[in-house]
Every structure is written in C-alpha cells, then in structure tokens.
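Take a look at the structure below.
Labels run A, B and C following the written order; every chain starts at residue 1.
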Amino acid sequence: MYPFSYTRVSDLRTAVQAGSDGGRYIAGGTTLVDLMRETVERPGKLVDISALPLREVTATKGGGLRIGALMRMAEVAAHPTVRALYAVISQALELSASAQLRNMATIGGNIMQRTRCTYFRDVTASCNRREPGTGCAAREGFNRTHAILGTSEQCVATHPSDVAVAFAALEATVHLLGPAGERTVAFSDFLLRPDNTPQREQSIRQGELITAVEVPAQPRPLRSGYVKVRDRQSYEFALTSAAVALHVRGGVIQVAKVAAGGVGTVPWKLSAVEQRLIGQRPSEALWTQAAEVAADGAQPLAHNNFKVELLKRTVERQLRVVGGTR
Amino acid sequence: MSTDPPAAEPSALSRRTFVATTVAVGGAVAAGDLVVGPSAFGAEPSTAAETGPSTRVSLVVNGRRLTVVVDNRTSLLDLLREHLGLTGSKKGCNAGACGACTVLVDGRRVNSCLTLAVRLEGAEVTTIEGLAKGERLHPLQQAFIDQDAFQCGFCTPGQIMSGVGCLKEGRTGSAEEIREWMSGNLCRCGCYVKIVRAVEQAARWK
Amino acid sequence: MSPQPQKAVGSPLSRVDGRLKVTGKAAYAVDHDIPGAVHAVVVDSSIALGRITGIDTSAAEACPGVLKVITHRNAPRLVYRDNPVSNNPRGRRLRVFQDDQVLFFGQPVAAVVATTLEAAQHAASLVEVSYEARQPTTDLAGRPGNPLLNYARGDAEAALASAEVRLDREFHLARNHHNPIEPHATIARWDGDKLTLWDKTQYVIGTQNEAAAVFGIPVENVRVISPFVGGAFGTGLRTWPHVAIAALAAREVGRPVKLALSRRQMYFTVGYRPRYEYKLRLGADRQGRVTAMAHEPTYETSNHETFWEATLFLGQMLYNVPNVSQTLRTVSLDVNTPLWMRGPGFSSTSFCIEVAMDELAHELGIDPVELRLRNEPTRDLSTGQPFSTRRLRECFRVGAREFGWDRRNPKPRSTRDGDWLIGTGVATGCYDTNRARAEAHARLDANGTAVVQSAASDAGPGTYTSMTQVAADALGLAVREVEFRLGDTLMPPAPPQGASQLMASVGSAVQDTCDKLRQQAISLAVGDRRSPLHGVNPDDVVVIGGRLQVKDQPARGETYRQLLARNNLTHLEANGLYNPEAESPYSMYAYSAVFAEVGVDVNLGLVRVRRMLSVYDAGRIISPKLADSQAVGGMVGGIGMALLEHTVTDHRDGRIVNANLADYLVPVNADIRDLRAIYLDGDDRKADPIGVKGLGELVKVGVAPAIANAVFHATGRRVHELPITAEALL
C-alpha cells in the first residue's frame, strides 16, 4: 500500500474542498482499502467522510425514498421504510457480500465500487480500465464471470453491485454535491459503459461526492424482489441476478421495472422486457415471453456463453416470483 | 531424551500479560491510557509510526483506552496483531473474503483487515481476547467447545466474534438464517453444521 | 500385562485445547511474539517461464524502514544438499534466489525485509523486475504425457472386447488448492549457527531436515516449533521455498524475521491437487459383475519435479475385477509442483471409478448399492492378501437403512420439490491404512500427573485430545491429569501428519510409552515391601484413577503419588516406540459408503447438497466427538471439490487467474445443511496395536462421486467433469 495522508472531515463544505484539492473520499472503505493493498488504487490523500451527516433514510412525497449516501448497507437493508416500500432494495443488499461487509460498506460506496475482474485486480496483468492502452486480458482470457452486455473492445468487466441493479430497475437518481453545488444524475447516466474510456466509470467530477440516492415514487401496491444466481449459496458475486418491481391493477400490469446484474458492464436495465409486460395480464406464458428478450444484444465470450440462457431464465424466475401466478 | 519438556518459548501470552500490567498500573501516562508509538512499548523502537505518514488515534480496545500513533496504512488487524500483541484475530485473506479477522467495532461485526486503524478515533473495539469475563467464557465460546465447532481453530476467533454479532443482530431465528448470516466466515475444516449448533446453543442461553 | 480398562478412549470428549482456541490464545506460526522480529515480504514473478534480466531495487531500498532487498544478485549461495528426510519429490527443487531462471508464475524473485509490515509490503511493490519471457506450457489438455507407472493383471483388452456391457469414459478434474485459512508462515531466528523456526508445518522433522539441507548445517542445529497449525490438508507436508527465504532473510539482516504468505501467494509457491484427465474403460456382464477395467489417468506435474500420488490403488483393489490394466502418465508443465491434498490420488480416482460404476448400474438397471455388493472381493486381488478388516457391505447396509435408500425411485428426474429436481447418489470411499515409525516420551510426576510428548502435529483433527485419551487409559489417569505436547523437534520423532497415519503411528507409540511407564510403576510397587501390592504378580495389577490395584481385589492397592512419595521419587519416565513391520501380511484399508441427496434448480442449473450420510469402517474410534467433526469436515471438503473448487490458469502466460478466496470458491456455511456420519463399531488390531485405520483422507474420498451420481439421478445429466457448475446443467 502506498503511503497517504489522512484527514477526517465533519461538514460537507470542508469535504468538498478537500476532495477538490485532490483528496480521495473514503467511506466504508471495503473496496478502496482492498484495492489500495493490491496497489490498484494509489491515492496520496484520503478524506474520511464517514462523519458527514448523510445517514438518513426518508420517505419522499408519494412513496419515494431518499437514502443518505453514508447509510451502511446493513442499515438500509433493515430499515423499516425501505422494507415496506422497496423489498427489492432490501433483498439486493442482504444478498450482497457478508454481514461484516454490509456493516461497513455504504450505499454511496456500493455504487462506486469497482469491478471484480481478476485481471483488473492483478497489477501484473494488462487492463485498460486500470491502465488505459495496455489491453484487456479478460477478453481472450478466463472470462466466465464477465459481461455479455455493454462490453467494448476495451473492457468486458461487470459492475459487481447488487443494489445498483435495483436502483437501475427503479430508475433512481444520484444526488451529488461538488464545488459547483448540487446536481442530480439519472442512475442510468451515472454508471458508464466502458466504450473507449473504460477508466471512466462514473459521471462524477473531481471533488464531487454522492449525498444520496433517490428512488422515485411508484404506484402502489408495488411488488418487488431480487434474485441472485451464483455457484455457492452465499458470499459470492452474481453470475446473474434480476431486480423486478411490478404494479398490477385490474389484473393488468401497469408498471414493470426490471434490470439484471452480473451480465452487464453496468447494471442492465431491461426496457425490452418491461415493454413486453406492460399492459399484459400476469401468466406463466407472459413471464417466459418477456424474459425471452432479456439477453438481446448479448455478446458472449469464450467462457460465459451460458450467461445468455441463464439470464433469460433468471429474469423469468424472478418475474414469476414477484408476479405470482403459481 | 531430556527429562524435562522443551522449554517454553516466549509466547504472545507473555506479551499480553505485559500489556495488561502496563495498563493496570497506568505507567507514565494518564489514567488507564497506554501510548503505543515509537518505543512506547515492545522491545524494539520499530513501530507503526516511523515508516510512513502517521496519525495519533485514541480508541478503546477490550475495555482499555489506548492512544496509538499508527502508520496511516495500518489496518486494525495489523494494529491488534503487530502492535498490541492481540494475535487472536487472524489474517486469512487480508481482503474481506474469509472473515478470520472479524472483530466488533462499536458493537458491530466488521472485517478488521479492511478497517484502517487511523479511522478509529473514539471507537470501541472488542476482540476475541476481550470476550470472556475473566475465567468465565462467553456463552458462545463455551458453545463452540461443547459443539466441537472447530478443528484447527484458526478461523474460530473470527467465527465467534461474527457469531456474537449474529446474536446481537437477532439473526438466529432458524438454522437456515444462522447459516446465511454466518456465511461471511469461511471454515476450511468444514465445521459449519457445528458452528450453527453452537450459535443456536448460545441463542438459547440468552 | 493386564489390559487397562478403556475409559477415555471412545468417550466423546471435548477438545483439550478447546479453551485456548476459543479465547484466541492458541499460538499459530506468526502469532509467536519473538522480540526484535522484522518483516519479510516476497516479490513474485509475473511471468511463468524465462529469465530475469534486471532487478531495480533502488526505490524499494529508499523506503523508510527497509533493511534489505534480497535477490539472486546479492543472495549468498545456498547448499541445498539432498534431503531424504522430506517429502520432496524426485527432481530438482526450487532453489531460492540462486539464479535468474523463472520456472513458474509467482515464483519468488526477491524478498524485502523491513522494520514494519507496511514498509515491507510497500517496498515489495516497488521492486522492478524485468524479464526475458518465453511462452510457458501450462495446459495438460491433449498432451500425451510421460508414462510413470503401469500395472496389469489378467487381460483387460480381451475381457473388454468380449464384455456384454462396455463403458468408455473420459473424466476431467480441476486443479484444487488446499487453502487452509491460515496461510503458510514462518518466523526464523538465528542464534549463532543455530536456527529456530516457528513454522506452519504438518511435519516439524521434515522442516528441520530441509532447513538444515538448504543451509548446509547439521540437522541438530535446527529447531522447529509448531504447536498449532491453522489447517493444512496436505499443504504442510513439504517445506516450501518461503521457509528458506525467512531463514535467509533473518541471517542477512541479523534479526528474527517473520514471513507470512499472502493469500494470493498461497496459489503460487505451495502445492495443490493436480488437474487430472482420466480415461476409463469398463466391461461387465449383464449381472453387473465387472470383468475388466482399463485405467489411463494423467495428471500434471512441474518441469522441475515429478510428483507422485496414489492413483492406482483403488483401481486394483476396490472391486473384484479379474482383468485390470493401468497406465499412469504425468505431463510436465511450467508450473509449481503439486502436493498431496486430502485423500490424495484416491479422491480423484474414486470420482472416475464411482461415477462409472453408477453409469453401469443405470445401464443394467441394477441398484447402485447392489451393484457394488456384487463386485465385493474376498481378498485384495492386487496382492492376493486377505483384508485386515473390510466391512464395506455393512457400511452399505447401515447406510442404506439410515439414509432411506429403499424409498428411492431409480428413474432419473423422477422427483421434484418446487423448482428443485431431487436426486440421490451413492459411492464407495476407501483409503489405505498407513503406519510409520514413531516415538514418544512420558513422564509421571510425584503429584500424579503426566506429560507425554512426541514431535507430532495437530492441524485440526485433534491430536492433542486423542493422544491424551490413549495416554490417560494406558496410565490409568483421568484425562485432566495428562498433558500431551507436540510440535517441537526437541521431542521424540514422529512421522508427518499426513496419509492418515498419525493416530495409528503416534497413538501406538504413546500407548507403548505409557504401558512401559505404568509397568515401571507396577514393578516398583510389587517389589516394594512397604507397598500393599508387594509380591503381587505384576500381570494382575491395573491402574484406575491413578491408583495401582489388584485387578480382582480393588481394595488392595495404592496411588502413584503414594508410591512415588514413599520412594522419594520426583518422577518416573519412559520412552516408547512404534515400529511397524515393513511388509504386512494383510491388505489394510479403511472404507466408507457415502450417500448424498442433492437438489438441482430445474431452470437455473444450480446444485445444492440437501443432505449427506456416510458410514465408515475405520477401525477403532479413539475420540468420537472429534472423529464426527472430521467426517463432516471431509464431506464439506468433498462438496467443494464436487461443486465449487477450481484453480484457473490463464494458459497464455501461466497466470493463476483466481488466486483469492472470493474467486476460488470454497463452501460457505449456507452451502452446508444436513451432514451425518456413522462409524461402525470396530477395532483392527491387525493394522496396528491401537486398532485404528485412519480417518482424515477417507472422509473426503467418495464424496464428489456420490454428489455427481445424485446430480445424474436428479436431472438425467451425466457430468464427467469437476467441478459441476451451472453451465453443465442448463
């Protein structure tokens, strides 16, 4: 680990100032410290933001949710308002990592976390995301866990977060505070596909920090849930996952929010699936038919071809679990 | 063959005795405080502080208030193991993937390998060494013995601290729930079914 | 000599070292507090084959706290004499920092020594190594290999040609790493020309001899201390290069050096269960009698050493097969050398044989348990020897009853529970009973307590406890009055804690030692005119609860304490030995019947083990509570082998891709549900004086095939590759 200076900040203004001066924010630290130890990350100055007043969950008008960026994963998962309004967020969090890590990691840090691609984490391997222009070792290497959607010649790494999949499905917004003041970014614009600049992972500017993630209100009742498919039963990143939220009224699906994880370079919003659901009556056949388009556009690699089929089945499974009919 | 068993080597135990003594006496520092910094304790002046940017931190470890000067890079795990002589917490992966380093910080179970010590100003840390009340074991420690919930014993301190966290979190409603909420601690000897029984035993005791 | 009543042996004691382990006081290798110790960190090669053309250590050396950077350019020449007292395989072992050659990915190319761990780690990352890299060969697939061993009986080819039923299968088994939660670690301290090592090892004497061989010093100048080992599963049976590095670094900087491998390095310089390709042809008649088996296993080894493991035994002795041919090949690659991992050879081989047997059963419509019973031999066909004990039939009978096997619908894909297809499978487990020479020492003190010791190891099975039990009964003391010590080369020599031989070997030595000590006390008493036992035939005296007494006349006797006090003795002591005959007239193996029930998600292809039951014929069980843990742990290890574990090499450059515990998957708590072990009440005195047959390996053998067979039963899909993952079942 490279040496670094350390400062602790307790108010937002000081934090933003320190961040603008080249400081690197640290919240839960579970990704950053790990990657610093691997020398993937080499910040010269850490700004500890854990004391900032960003630790509230509030219900917004109409049944939305605003989650403070420094809320720990465990706190959000257990929060009664979250559980009541968005089971999918709770479930995605509780299926993440381990109880210990969920006690440490924050919501802001979770969506900022970096890929688990082992070539990215191994500083002796070539990786465009870590060192632009060095090539992508994963593309022709071992890529069983890698992305099939949103990939580029430059990078095929997945975004590892679970809760980000729920946020993507629910069309959340990210609240940012920076030297130029506050702004909000749609979740779908916040996490960036690699394209030709895989080193740029988020649309966040120097000195900006995440203050909250806001989930817009949805018509009620809303049934939602998250499924995570992995080799072992727990404590593993997803091979595939799906976040689903449905609002059914008069026997017809009025609102469908669906996204997938483990398959994309960013959490993968499944608009085509949503389109096939809206206006339809829940049925086994509908789930199958909607999930059929989940992997459209997939570009599998040598070892992850199975994810194409697995993704469809994962989405189908979760539509059935959330939508019922059996 | 000598008659006497081989002489005991200086052990971590003797170091811990030293720490306890220092703290109990108070030494040269303010009531109950223990300063760990250059040459403050241990046989050598080599300490956390001399090889990189460092910071003074006050924290409570197992009920004892300490002021330490730590290299900013030092993890809580390395602070405990290399500077405080508390080697009960183990380094299995140093990456948050095995749970052997689990301790409680402010009552919550965390991976001490991913916790920078410099960030612990004012924190309360409980390690496996601080769990028993004198000679009386914590009910989960006793349950681990009763259920034979370990073999090699290396993951055990982390399992027990994690189990204490699991009990506090109330995630002991069923064997299935315990299994899931104890999955952040790998046991390569494969004692999981007995770890679950031990947590169940301690949950009943509560 | 009157037999001692067995009170401690066979009783379900809790671990005698339990309190140390649950309080964090058990000291593993780098837990020892050695005053003045500094830290060493190894720099790994980032190529798999080639040579080092340059090393720039200036940035590393400029780091505050760095004491020395050691490379092949400044390291002293080391002796590396041949070492017969080791588990080094045939070949030329890696010699650390002795030349510029790189033989495998992750080979140590430098070591940084610094006053703090942070400084050493950072400086290690600053060492710039340049290489002239060559294309490594690391892929076993499709390579012909070098024949290592052959075996034949009968005429397998002719029998196959005329068989009524034939199977021709090829199996692929992934490389597995032992991955104990404690990484390998060593503290080295020189006192003049004497070296002390606190090391993670399953064989303190092996480490002692290897360190002496590397540095060219007398063996007695090296002391190895290893009271607790944080799991090993075989990886501690050999002394790996980091031990020499720690000792070298300590000598170079003139201070004790602490060196722990990182988890990533646990995939580089220590061993692993090799990858296998296994061709198996099997012929049988319609009644399910196997008439021929032709085995062609191939496994990987390194270019610098030829690894051997017991790959041929099972194929020769497990079933009553008249015609057998075997050709074992190794493929030499630019990799580190494998090392025995739990159930070495047997675990891999049993997957192939037992899956093939299941296929045969299915093909013939014979119940898989019944098929195995029909092929049960009456003697070991490989040697013609009778079995010391073989109760495999009973294992299957008890297992089938307890598991509820008779309720099984033999038709694959016939049982469903929601989204889960349910299947059950069975396999035979077997491992050979090994014994080796071992010594022990016991001392009985005037206060009536005893200390017994032997340079054995305890990597988890419970050596401290089981030896205490044997000693307590032989001395007629309560368990709490006996202390067993191990893990120090100053103690009487013991064999490695590997190949499941420690209990039989050291246990027998402990029994011999304690028998001698008890006899000594009895002799003293019966010859002592002041003793109530004076004149009694020594053969009529037993010791119970620390009291020597006439067997049929318990009132007549006295305690050890009284005896020693009256004779003004501070203690009695004895040395004992177990030295097994080189050639036993018996075929000695332990056996098991392994039953598994799995669920396979009908859409998602995920496999989850719902329950397992194994029944063991393992001879006498010294410590039932601990033996149960060992069995259940072996099942967990087998579940990992079957469904999760796979070390991945990127063959383009020989890099281990998943060298961490987030990507190399081992089972977690949530993967493990209902596991049950039953030991048949047994006692095999033909195997050894204490009647045990060894557990540690046996409990893993047969687990993976039982699961694979259950997956077939659940889904109708036959998988010949390990691990079995979703992609094979979608």
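As a convention for this text, contacts are C-beta pairs under 8 Å (C-beta built on N, C-alpha and C of every residue); 3 or more make two chains touch, one makes a residue touch a chain.
Just so we're on the same page, UniProt names per chain: A = Xanthine dehydrogenase family protein subunit M; B = (2Fe-2S)-binding protein; C = Xanthine dehydrogenase family protein molybdopterin-binding subunit.
What you are looking at is a predicted structure, and each value in this text was computed from that prediction instead of being measured.
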Central chain (by mean CA position): C
Interface with more contacting C-beta pairs, comparing B-C to A-B: B-C
Averaged-CA centre spacing for the pair chain C and chain A, given as whole angstrom: 42
Between chain C and chain B, distance of the C-alpha-averaged centres to the nearest whole Å: 29
Inter-chain centre distance, chain A versus chain B - centres from mean C-alpha coordinates, in Å: 32
For chain C, residues that touch 2 or more chains besides their own: 118, 122, 660, 662, 667-671
Multi-partner residues of chain B (at least 2 other chains): 52, 71, 73, 94-95, 179-180, 182-185
Contacts with 2+ other chains: residues of chain A: 1, 3, 37, 233-235
Complex contacts: residues of chain B adjacent to chain A: 52-53, 55, 71-73, 75, 94-96, 99, 102, 108-111, 114-116, 118-119, 121, 162, 165-166, 169, 171, 179-185
Residues of chain C touching chain A in the complex: 46, 118, 121-122, 125, 419, 603-606, 608, 643-644, 648, 650, 652, 655, 657-660, 662-663, 665, 667-671, 725-727, 730
Contact footprint of chain B on chain A as seen in their complex: 1, 3-6, 8, 26, 29-30, 33-34, 36-37, 46, 48, 50, 74, 97-101, 103-104, 233-235
Residues of chain A touching chain C in the complex: 1-3, 37, 39, 116, 118-119, 121-125, 137, 140-142, 145, 229-237, 239, 305-306, 309-310, 313-314, 316-317
Residue ranges of chain B in contact with chain C within the complex: 1-3, 5-6, 9-15, 42-44, 46-48, 50-52, 71, 73-74, 78, 81-82, 85-95, 97-98, 100, 127-129, 131-132, 137, 141-142, 144-146, 148, 150-157, 160, 178-180, 182-196
